[in-house]
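Each structure below appears as structure tokens.
Here chain A shows up in two complexes: once beside chain B, once beside chain C.
Then we have the complex of A and B:
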């Protein structure tokens, strides 16, 4: 049964905010980084924490190296009187999914979702190794760049892409990021120039890798009357699904993304024209795999925000895709958009959210 | 050669992991830590509810707004509750029994944990007035290690009414 066939309570992205994305924020702690984002996401629509019935966050203690950082982060919201709250050790896009599911029940009409990612505090390559199988893979310390390079190599060998394609994606992303004041890496640079970069891990050159980013983001979801009360042009979630694949890289075809394709099918991506897609593909070649799995044609504008190659705050970059896609609709630049988020090595888990304006 | 299948299940597999992290105390906690380096307790006040937090992490956990006003707190406070540690554990650096107490500094609205010394463990009590004993000036660092411990300062015990909401 696809989303279109299910009875879905209309829920809107009522407000979106994100911090400036930077290489390293060594001035502020997590709470201090989040507070302005929370204030902005409420302030955009003139509400307070008392107007939301649920708070859900996405983050991971592995980035900060301290336990229960999500509990301390709640100080940025102020949970008094005591609030209904939840947390996922995932990108904030999955926290948004949890809040959306709760809103489906109809008991509450609004929720706050936020995420924070401090990618700069440790060695990101080492930290991300710990998402691998702890017995057979993690002890070998296979870093995420090398694993992604394996995937890129498989894609090239399968005849599905070239290094020039990766450079073209990086070039477009950086150029688009020039119009995104929150982006970290923005530059008008041609694919030809980018192809002169050194390899980090062949076949991936520097430009095909995401930047290391500190950042935070927040979204307010609203259903029912509140969605209209808080927005002149509500942006509705019309399809939402996420799927995962085995953690065993050897058991997967790394050149395709069946979990993205299945999530896209369940979310009903193909049931209308897609104007814009915000794709959370941290490595350039992954955009090719995801775009194919989503069934996007050449008319779709991909990552007008610059995407994760322009700013990749871990745990927030997926939520930001949904926020950016919603903003394109709210501003009238698009009527129907697809947002995608990923987690795990080489696109292991994927989430697809379809958004539509009125 | 032994048949591996008769050796039984493998029950242990060592996979050593070590990660190093930078710590970012942030703006507010840096003020607190810099205060300790100068031998003083710096708190911050919430502009909404007026409560003074020490240390402040930069926000009022009740209101979710930035705590912007710095407040220099007293060196003296009240024991709101305590426990006497009698159990030895690995890495213990203090002779048992010793007293671990929540101390509400004068002017603060949250208590924080402190070691109480210069008093027999069986004489500690709620409401006792205590003062911080700092390390020598040359040894002050931006860390709670700058506070050696708290000790009774000889004042009359605080009235229960003055600290009952901080238990």
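Then we have the complex of A and C:
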């Protein structure tokens, strides 16, 4: 069934907020980090927690190193009287998907989605290995940088990209981040200079890697009358889908992203002109793979926020893509945008969200 | 307060259960203990290595197990000049996706080579197993892959 054949209830991104993205926030715990973000996402549109019928969060206990940390994080909202709540051990973009699905049922008209992750607490190269196949891959402790380097090499060998392309993406992203006050890494450095970086794991040099980021983000979704009540120009979700590929790394063609392509097809990306795309490609080369899978042409502005190369708070960086894309429309800089989120090693799982201004 | 008055208790975080690796993964790991590689026959006769209980693309059940390797071809690789503390080798090495002879999918492992100049996509490698007495039925039973015909 194509996107056009599906009947979807219009749901809007009513409000978006994100914390300052920093290398290490060791003065506040998760609740303290989230509280101002929650206050801002409600304050933007003058509502309170009593105005939302559902709360969904995305985070991972592996970062904080303790079980059920999302339960504690709910204190940032203060859920009394009790409220319907859910959590995904995934990027907040997937929490947003769950909330969107619930809104489709029509019983509630608004939902709060938030995500948080302090990447600085542990060693990401070890923590992220725990997402790998437990029998064939995890026992070898392949780190995420090395796995991404395997993918980058495959892309180069296939003739689809060069190291200079990776540097160009990193240079553009961090230059664009200069206009994003929430970005962590923002600077104007030419690709030629970046290519003098040392390899971290060849063929990936330092600039092709995302920064390690602590941060949080939140979005309020609204449907029906509330969408219009809370915004003069609602930003509607007009297509939404996510797909996953096999966890057998060696059974995939790492130079393409069929799951992104399928999600893009189901979300109807090609049914209109795309003005801007916010792509969650933590490693520079992955932007090339995702842009191709989304079917974007050269006229599309990619990651004007700076993207995940400018700030990559684990579990929030995907949700932030949706928020940034919505803000471009809300500010009048775009009419139609595509937001993408990824999860797993080497773009294993991908989510595509199409947004349109009224 | 004297140190002897301080209460001590050991806390050991553990998962106190065991899990069977099943008829396919278990057979593969058992074969590794014996110094051999097995692949599973997937849809359209493709050979999946390391084998899963279902075809990773079509999700169909897999068929009979067949022997593959121990040689193969590098289908992608990445050079690690500074190994991390849990990496399988503590000297500079390459991670590689290796398509074993007879297989249609690649497996991830380490390649022990003198330097990145010794490796390329397409380079032939072969498995260097640990001594039989040290093998336990694990991916770590393979110490590393090495360039075929090169110094082991």
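Everything below uses one rule, namely that the second predicted complex is superposed on the first by the 358 of 358 C-alpha atoms of A that agree within 3 Å, B and C clash if a C-alpha of one lies under 4 Å from a C-alpha of the other, contacts with A are read in each partner's own complex, and residues count from 1 in each chain.
By definition in this document, a residue touches a chain if its C-beta (ideal position, glycine included) is under 8 Å from a C-beta of that chain, and two chains touch if they have at least 3 such contacts.
Just so it is clear, the model here is predicted, and its values are computed rather than measured.
By the touch criterion defined above, A:350 lies against neither chain B nor chain C after alignment on the C-alpha atoms of chain A.
Contact with chain B, but none with chain C, is seen for A:25 once the two complexes are overlaid on the shared chain. In the superposed pair of complexes, A:49 makes contact with chain B only, with no contact to chain C.
Once the two complexes are laid over each other on the shared chain, residue contacts for A:135 go to chain B and to chain C alike. Shared-chain residue A:77: touches chain B; no touch with chain C.
Once chain A of one complex is fitted onto chain A of the other, the partner contacts of A:126 extend to both chain B and chain C.
In the superposition on chain A, contact is made by A:143 with chain C only, not with chain B. The contact surfaces that chain B and chain C form on chain A in the two complexes overlap at residues 126, 135, 139. Across the interface of their complex, chain A is touched by residues 13, 15, 17, 19-29, 57-66 of chain B. Within the complex, the chain A residues that touch chain C are 125-126, 129, 135-137, 139-143, 146-147, 149-154, 157, 199, 201-204, 246-251, 254. Within the complex formed with chain B, the chain A residues making contact are 25-32, 35, 38, 49, 62, 64-66, 72, 74-80, 118, 120-123, 126-127, 130, 134-135, 138-139. Against chain A, the residues of chain C that register as touching in their complex are 21, 25, 29, 48-50, 52, 56-57, 75-81, 84, 86-88, 95-99, 105-110, 116, 121, 138-140.
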